[in-house]
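In what comes next, chain A is part of two complexes: it sits with chain B in the first one and with chain C in the second one.
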Partner chain A sequence: MQNSFNIAVTVNDTRYERAVEPRILLSDFLRHDLGLTGTHVGCEHGVCGACTILFDGQPARSCLVFAVQAHGHKITTVEGLGTIDNLHPIQEAFHEAHGLQCGFCTPGILTTIVPFLEQNPDPSEEEIREAISGNLCRCTGYQHIVDAVKLAAEKMRK
Partner chain B sequence: MKPAPFEYYAPTTIDEALSHLAEHGYDAKVLAGGQSLIPMMNFRLVQPSVLVDLNNIAELSYIHPDESGGLRLGAMTRHHQVEVDPLVAELAPLLHETMPKIATSQIRSRGTFGGSLSHADPSAELVSVSVALDGRFRLRGQNGERWVPANEFFIGLFTTLLEPDEILVEAALPSMPVRSGCSLMEVARRPHDFALVGVAAVVTLDENKLCQQARMVFLSAGDGPMVAHKAAESLKGQAPTLEAIRAAAEIAASEDIDPGSDIHATAEFRRHLANVLARRALEQAFERAADNK
Partner chain C sequence: MTKKFIGKRVKRNEDPRLLTGQALFVDDVEIPGMLHAAFLRSDYAHARLLSIDVSAARQRPGVVAVFTAEDMGEDWQPGPPLVSPPPTAKDVIFHSRRQVPLVKDKVRHAGEAIAVVIAESRYIAEDAVEDILVELEPLEAVSDLEKSLQEGSTLVHDDLESNLAAHLIQKKGDYEAAREKADLVITRRIVTDRGAAAAMENRGIVAHWDEKSQHLTVWDTTQAPIPIRNGLAARLGLSANQVRVIAPFVGGGFGPKMMMFYPEEMLIPWASMKLSRPIKWIEDRRENFYATTQERGQNHDVELALSRDGHILGLKDVFLHDTGAYDPYGLTIPLNTQCHLMGPYDIENFTSEVSVVFTNKTLVTPVRGAGRPQGIFIIERLLDIAAKELGIDQVEIRKRNLIPPEAFPYEHKIIDQAFAPLVLDSGNYWPVMKKALDMIGYDQFVKEEQPRLRAEGKYVGIGITPFIESTGVGPYEGARVTVEASGKVFVATGVGTQGQGHFTTFAQIVAEQLGVAVSDVRIVTGDTTEFHWGTGTFASRGAVVAGNAIHASASIVRQKVLKLACKILETPEEELELECGLVRVADTPHKSISLGELALLANPLRGAVEPGTEPGLEATAYFGPQYGATAFGTHAMIIEIDPETMMIAIKRYITVEDCGTVLNPLILEGQIHGGVSMGIGNAYYEKLHFDENGQLLNASFADYLIPSATEMPRIEVGHVETTSPLNELGTKGVGEAGTIPVPALFSQAIENALYNRELEILETPLSPNRLFELLVNEEKSR
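Now for the complex of A and B:
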């Protein structure tokens, strides 16, 4: 039985080569093997959305993908969006509109919103609520998140 | 929780996948989109000793028309692809309407058509929709392939006709006849959560605007997709009046389904929802059928 697979995966434009056991989830691989702890692990069964990453540009639950399946694919985590000194416009908007409190759900929401705003630069409130319906937040009551996404859309249209 | 160890194969052809399944039999599980299987593995509700991953088999991912105006979908076509495909919107309006209601965008980016059907969750939209549309599935094993009608494929709770060495490789959905209309209605506690009850309706009117056929298939209302035979019988040859629709919805909710009680809803409440949803779905489907000349 082959217990270890060599994978090459591009995360935030950096290529990583690692050996992984097939049962290692992509979420754990990102956090433990690559030290990218921005991806948060909540429910581990695809409900909470905290571990959302972009898999070839599309939002996906990293707890529902094995790391070995990411071989040859392109992953973007919250670390790939912006830096402390140079925030992504969506991060700026979340900061300004109080779109987070404890911050646990935030990385998953940010990665969900990136492709959403690319495809829909001027969304209605209803569309925003639909877009974040796969991400649970236990602090904000969502209103500030909706406001933050609206503000982000404005910033990105400029 | 984390999955228990397993042996992993990622074949690049169907034949190679089938040979792994033939070798490992009941010890092996097929990994499609993984959006149901991996959560169950994370919680160790299932601990397959072998996983055969279909994600590298390019020949299983496609959407194209067939010679009779219907639609063919490869098993590994992802929900998101089906959702945005213009051909699906044109040829299978019920499917087009259904896709955004399945789980969340983060799940639809990975989840697959064939995976959802093979998993046979009675609360899965595609299970009931494929029966309502009179779909057929192509199952392939090392010794050949067979076509199975959707209404025979699902035989119980998470149970299908698939043998352990077979893979559902393709779904075929026939074209909608003229004067047909469809609808999908469901109720869930939270947006995109599993529906407490749902119903897919497909109706066809005859030349005199009488009901030629009305098929309703319920989800989360029994051990599998629940076809409302008695309700269909009651509508046949009738004018689709509000009275006839109300009567059919009542029959469907009281006689055609077998919902259970659980932490989410009682059986009685599910029957109530089924009645309301059936009425709304039939109304919408008949309206659309009348417009679809």
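Now for the complex of A and C:
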């Protein structure tokens, strides 16, 4: 069996070329090969949603994808949303509404919310809860997350 | 005095880093040359280790070392006790059996570590774990609490006569005499079972022994970095100053990360020293279910003696507490249970006898609530039963028994988790309960809405559950506050932080004293190089104990600032004010000096200083409460049960909390929401299913269901403030409050909703399936 494959992946608008073992998970590749540690790994079986990234713009669990499958694709991680000095409106809203506590699940929730609000700019509370129901958070009870998503929607509509 | 910063809804200082993926968690640590560890763990819950052959694993390319218990030689030692053993009082039995780094002779729970592989990558380390040949002789496992104490039961620890780990009786008044006088005695068996803390971040540790500097740096997902440093230094034969432990951003604690020492926590630093290489180990979720501590398994045989008018005359509770395979955390949980069995009620006669039991299951140490939810569940269930039997309203029976405000400080005449007398420092309980009743519209619901909805065929129920929470326990915490030349303030404290917002609430406390912006106060928690005295973040004590230490340090710095400014501005101290990073003359605001300039003047580079002068605008202070502050609260809930699926829709959820002075309402609400969420999981979704062989049947997030956004209701939070007399800020803890009353509340509301069934809930956790089974049983027994 071939031990490593050359892949080219565009992550947060930067193109990376790397040789990877076929079994390396995309989550490990992003975190440990590229040093993008903002993507967190909570369960490694696709349930908790902490490792959610955008795969060609769609939310995907990076623990359920091999790095080689990302060859030729565009990935966005939390580091690609905004910076400390220039937060994305969703990040701003989470700050204002106290939408995070320990912050471990937060990157996966932010990346889930980006395409959700693009498709549904004025969601109801029920729709928001449904949208984040695949992202587990143990700290917040979700209420301030829901408030943050509402606030983000308002910000982004303006 | 009106407060400028304390009590305000201040946004968190820590958020921008967390929101942009720039916050350091343990698994984010990368060191050149770092190796990775993976563990071989036992599939059996109870087995004798006959032989182990690691030769193939050692030969795998990329493997650097494999260690077994034998390889550790003299360094193989059980972990140190985490809390002091109970005082050797009469009738107290305590057998201390602590977890071991690697199994030497016998496996005592599924998931116990047998060998560790250190390799160039985690992938290779896991491959090599598969190469290890281990021969285990399975033994009968002890899983059930009662069976474990039966004559002839298999022993978890062969050197003991039975599986009894500890035994303790606490008495107050004379229960038997009270029982004689009672009009009603309720006797029940009530069972609580295990759940997981399930922090989103699993445990992890990176250890880096630098041979050249003879220094060990450890990044650890611990709630208690300072005790970890002290313990590592002692075990590894190092000076404490050669060891730095950092608890960086930690992805949720909830108690199990307070456990010390996990076997991995000692082994990884030990291996790093052996190999002179940095080593990382990150727990995976499956390991988390088996190897991270759990809680809540207890069997209670209880009696409540009451008068006809619903006054509690006495309570007797004989219970078993499951400690799992070892008992490093002593009696903390069962003592907490005993201290909460009487809830917020004035009970004169009390007897409680606990037997702590070893089982072949994962270790038990506190999980958010820590024995308290069980105590509250027992007393609240009994009061619900009593209310029905006596024909008294459920609220009224509680009101009649609440400790009256004039009775505080209320001496309970039993001992608490620190073996000190249990005293409830302050409180005014009825207004809190009343507020919850008003917020949920109790009377209106019961009199109008519920009958109407029932007539429509709906199963709607209401519950209202008051509770206490012992918080803010000692011994102490400390902090150092420094005004820097930039005018910004630096604060270091020893506790760790796992999402509680310490970087903000602590900054608010400092801003209040020094008149700087909250965002100009930089806090460091959980780094032993920055501050090396303290214990940790547990028992809802961060804001109380560390908060008051920070307040004390900041107050001293304020005095230093005023003293120096008084000389420079030639104005008496009482005419000065600290505002906007300046010290200024109150009625002549242009006459001012900045804190930064003062800090420079306080640390001159030349010239002479007065004798006794301490440099800088800096102070270190400590705070240790006389005893823990006790918070109070009431939760109320309206539910509707789908009689087909047994799914519960929560229509309203109210909490009213009295946690003394509120530091930041936004953060407080977040703590409560999260606590309730865990409580709802505990009450209706989460249960660790161990079979009779000690095998955990639902060790994944696909099978162990923690509440998601669609199960959670919107929570309405109300506050009442009764400040604690035990500390200057008047704070009480609130971290666990949200979790404590929820199982009791659920049971009450479910029984209320299913009003036409003879349902008596005597167990927690429930689930839709379990509720269905209970109703089937009820139907059969009719």
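Convention: the second predicted complex is superposed on the first by the 158 of 158 C-alpha atoms of A that agree within 3 Å, B and C clash if a C-alpha of one lies under 4 Å from a C-alpha of the other, contacts with A are read in each partner's own complex, and residues count from 1 in each chain.
As a convention for this text, a contact is a pair of C-beta atoms (placed from the backbone, for glycine too) under 8 Å apart; a residue touches a chain by one contact, two chains touch by 3 or more.
In this text the structure is predicted, and so the values were computed from the model without any measurement.
A.B. asks: Which partner does A:R23 reach: the first (chain B), the second (chain C), both, or neither?
C.D. replies: both
A.B. asks: Please work out whether A:F66 is in contact with chain B alone, chain C alone, both, or neither, and reply first, second, both or neither.
C.D. replies: First partner only.
A.B. asks: Determine, under the contact definition given at the top, whether A:Q58 touches first (chain B), second (chain C), both, or neither.
C.D. replies: first
A.B. asks: One more residue to check, A:L151. First (chain B), second (chain C), both or neither?
C.D. replies: neither
A.B. asks: One more residue to check, A:I7. First (chain B), second (chain C), both or neither?
C.D. replies: Touch status of A:I7: no partner.
A.B. asks: Going by the contact rule set out at the top, does A:G82 touch chain B (first), chain C (second), both, or neither?
C.D. replies: In the superposed model, A:G82 contacts chain C only, not chain B.
A.B. asks: For A:T112 in the superposed arrangement: first (chain B), second (chain C), both or neither?
C.D. replies: In the superposition, A:T112 touches chain B alone.
A.B. asks: Of chain B and chain C, which one touches more of chain A's residues?
C.D. replies: For chain A, the partner with the higher number of touched residues is C.
A.B. asks: Is there a shared patch on chain A that both chain B and chain C touch, and which residues make it up?
C.D. replies: Shared contact residues on chain A (touching chain B in one complex, chain C in the other): 21, 23, 44-45, 130, 133-134.
A.B. asks: Could you please specify the touching residues of chain C with respect to chain A in the complex?
C.D. replies: Per the touch definition, chain C meets chain A at residues 11-12, 14-25, 27-28, 30, 123, 197-202, 249-252, 254, 284-285, 498-501, 666-667, 669-678, 700-702, 706-710, 712, 714-715, 738.
A.B. asks: If we count contacts the way the header does, which residues on chain A are in touch with chain B in the complex?
C.D. replies: Per the stated touch rule, the residues are 1-3, 5, 21-23, 25, 28, 44-46, 49, 52, 55, 58-61, 63-66, 68-69, 112, 116, 130-131, 133-134.
A.B. asks: If we count contacts the way the header does, which residues on chain B are in touch with chain A in the complex?
C.D. replies: Result: residues 1-8, 10, 34-35, 38-39, 41-43, 51, 53, 55, 80, 103-107, 109-110, 190-192 of chain B touch chain A.
A.B. asks: Applying the document's contact rule, which stretches of chain A touch chain C when the two form their complex?
C.D. replies: 21, 23-24, 31-32, 35-45, 47-48, 50, 77-79, 81-84, 87, 91, 94-96, 98, 100-107, 110, 125, 128-130, 132-146
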